[in-house]
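Across the two complexes that follow, subunit A remains constant while its partner is subunit B and subsequently subunit C.
Up next is the complex of A and B:
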């Protein structure tokens, strides 16, 4: 469904993404794992069409990233990206205006479940409430590919379960989810596959179950090993 | 594109509301001066309204440039660039909103100006001879009064093409700064320098554009004589629009 081939993104002297190739399939929840500055966000932004690769290609259903892919891919950035004048209600109207797969009813229901006041200004929300708002807006789309960048950032330990359950509730076999997070233990129980990247480079990927069996470790332990210094041969 | 335009208006509404309040205050002052027949206050309020009329052109210019520049430098740009819209649609929506706002300013200011002038001559009847003088002047210059409105419209169109050729040139420079020059030092300075160079280049080329009438003797000839310059500015505008769209499509990094 989504293919990245030898994707590279350079910024001045830094290479944020270095020769990454991926193939995302429908019906799976992927964890995109790596510490800060490993290139997760840049990769997601390239798939969302917000950043253009320096070289390599990204195609969605055989087409270059563009109007069609944007109509089917939802991307939730880590930052607050709403206009300062917008209330939660305005954000629903905005998404409804631009995305044909957006459900205003579902959005209002998610706002209610997450205890967000529709009249509240997005710019006045706490980081936790903002994270919930971004999640509500993006999960109210019936997108074929949903990418959530650090969905648990700013969410307290009590509300994390609500967020994770909301993500699971909105997943279906014809969809693909990509979740990036430092909080690997929180994701371990819901992911089908994991992709490890380090310093912009691909390190390891595969189905979560196969990785556990092959290495005899949980994804959390693999994460600790990889970013603690161990090196792994590429596993596809 | 119309939906994008709708949000451009929403984003500009604060500036528009503030502008409307200032204009209403000046106009209120003018009406007060007319009611009280105070020549001193009429003079001050007329000066303020004239100043506002000139400033409104700059307000629209600044709105056009600032909204686009902010779009490429803030995270809220994700909201636009994540939507299934082509870069061309995004640029056209910004131009359309500015065009509508500009025309709105012209219509409101021109209508109220006509009414204000009418009120002025009714209040200060002794100044009626200025109108007579103006009519005699037009007759002496062999200017057909029926031609004034069409000429005014042509000059408005010329002004808009010139306005948008400059705005789109600035869009192009801002986009260059945010795309190709993104990782270069002094990108802001470079894009500013580019605008200056492009403007000077454009002015230089315009000097070489042949004049249909070297010395126009009437309004019709004056109007016809600006057509080649209008055509050139229109081409510059198109080149900047498509150049900006191409840069956004191929090089954008938000």
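Up next is the complex of A and C:
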């Protein structure tokens, strides 16, 4: 469904993404794993069409990234990107004008589940509330490919359950989810496949169950092996 | 439910469902959760819950009625079979561990009689 071939992204002297090739299939939930600065966000931004690769190609259903891919791909960045004068309610209307796959009913239900006040202004939200608002907006889309950058960062455990259950609910055999995280344990039980990247380079990928069996350890322990105990403890 | 990291998740869910049939929470002929509901209930991947049902069906523990869902087998020997199967696994570990700390067969039997 989504193909990355030898994708490279350079920023001046840094190479954020270094020769990554991936093939994402429909009907799967992927974890994109790696410590901070490993290139997860840059890779997702390129798939979302917000950043252009320096070299290599990305195609979605055989087409280049563009209007069509953007209509079917939802991308939730880590930073807050809403107009600060808008209320949660306004953001719902804004989204339903923008995306034909957006469900206002679902959005309102998610706001309620995550205890967000529809009248609250984006500028007045705490960082945790903002994280929940971004999730509500993106999970209310019926996108074919949903990429969530650090979806569980900074939200309380009750909201985590809501998010995970919404992902399971939205999931169907023609949809794909990509969840980036450095908090692997929270994701381990709901993912099909894991993709490990390090310093912009592809390290390892495969079905979560097979990786567990092949290496005789959980994805969390595998993560610690790949990135080293120290860097695991250091990340946020 | 907490999952152990060294056993595939689908097997752990299969075992949990077997246990519920053995102790009577689930009865022969009962309808099971849909794959999606199962995924939400255990917080597992929906593909994993599909695998759970295909495993249970392959073992003859459940059957599918097209369009209606998955049901616990109505085989009257099922509960007994599952209990025996689980007891077998438990007793093996139990005997091994007692042997490891130096108990004889008679001592184990006495110990059980005293404690049960």
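In this section, the second predicted complex is superposed on the first by the 225 of 236 C-alpha atoms of A that agree within 3 Å, B and C clash if a C-alpha of one lies under 4 Å from a C-alpha of the other, contacts with A are read in each partner's own complex, and residues count from 1 in each chain.
The working rule: a contact is a pair of C-beta atoms (placed from the backbone, for glycine too) under 8 Å apart; a residue touches a chain by one contact, two chains touch by 3 or more.
Being a predicted model, the structure only gives us computed values, none of them experimental.
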**Message:** Contact-wise, after the overlay, does A:83 reach subunit B, subunit C, both or neither (first, second, both, neither)?
**Reply:** first
**Request:** Considering only the touch criterion stated at the top, classify A:124 as touching first (subunit B), second (subunit C), both, or neither.
**Result:** neither
**Message:** Just checking: does A:61 make contact with subunit B only, subunit C only, both, or neither of them? Give me first, second, both or neither.
**Reply:** neither
**Prompt:** Touching A:98, do we find subunit B (first), subunit C (second), both, or neither?
**Reply:** first
**Prompt:** Which partner does A:75 reach: the first (subunit B), the second (subunit C), both, or neither?
**Reply:** first
**Prompt:** First (subunit B), second (subunit C), both or neither: which does A:168 touch?
**Reply:** second
**Message:** Which partner chains sit in contact with A:52 here, subunit B, subunit C, both or neither? Use first/second/both/neither.
**Reply:** first
**Item:** subunit A positions touched by subunit B in one structure and by subunit C in the second
**Value:** none
**Asked** Which residues, counting only subunit A, touch subunit B once they are in their complex?
**Response** 10-12, 45, 48-52, 66-68, 70-71, 75, 77, 79-85, 94, 97-99
**Asked** Considering the complex alone, what residue numbers of subunit A touch subunit C?
**Response** 27-29, 161, 164-165, 168-169, 171, 189-192, 208-209, 212-213, 216-218, 220-221
**Request:** Give every residue of subunit C touching subunit A within the complex, in rising order.
**Result:** 3, 5-6, 8-10, 36, 39-40, 42-48
**Message:** If we count contacts the way the header does, which residues on subunit B are in touch with subunit A in the complex?
**Reply:** 3, 6-7, 10-11, 14, 75-79, 81-86, 182-183, 249-254
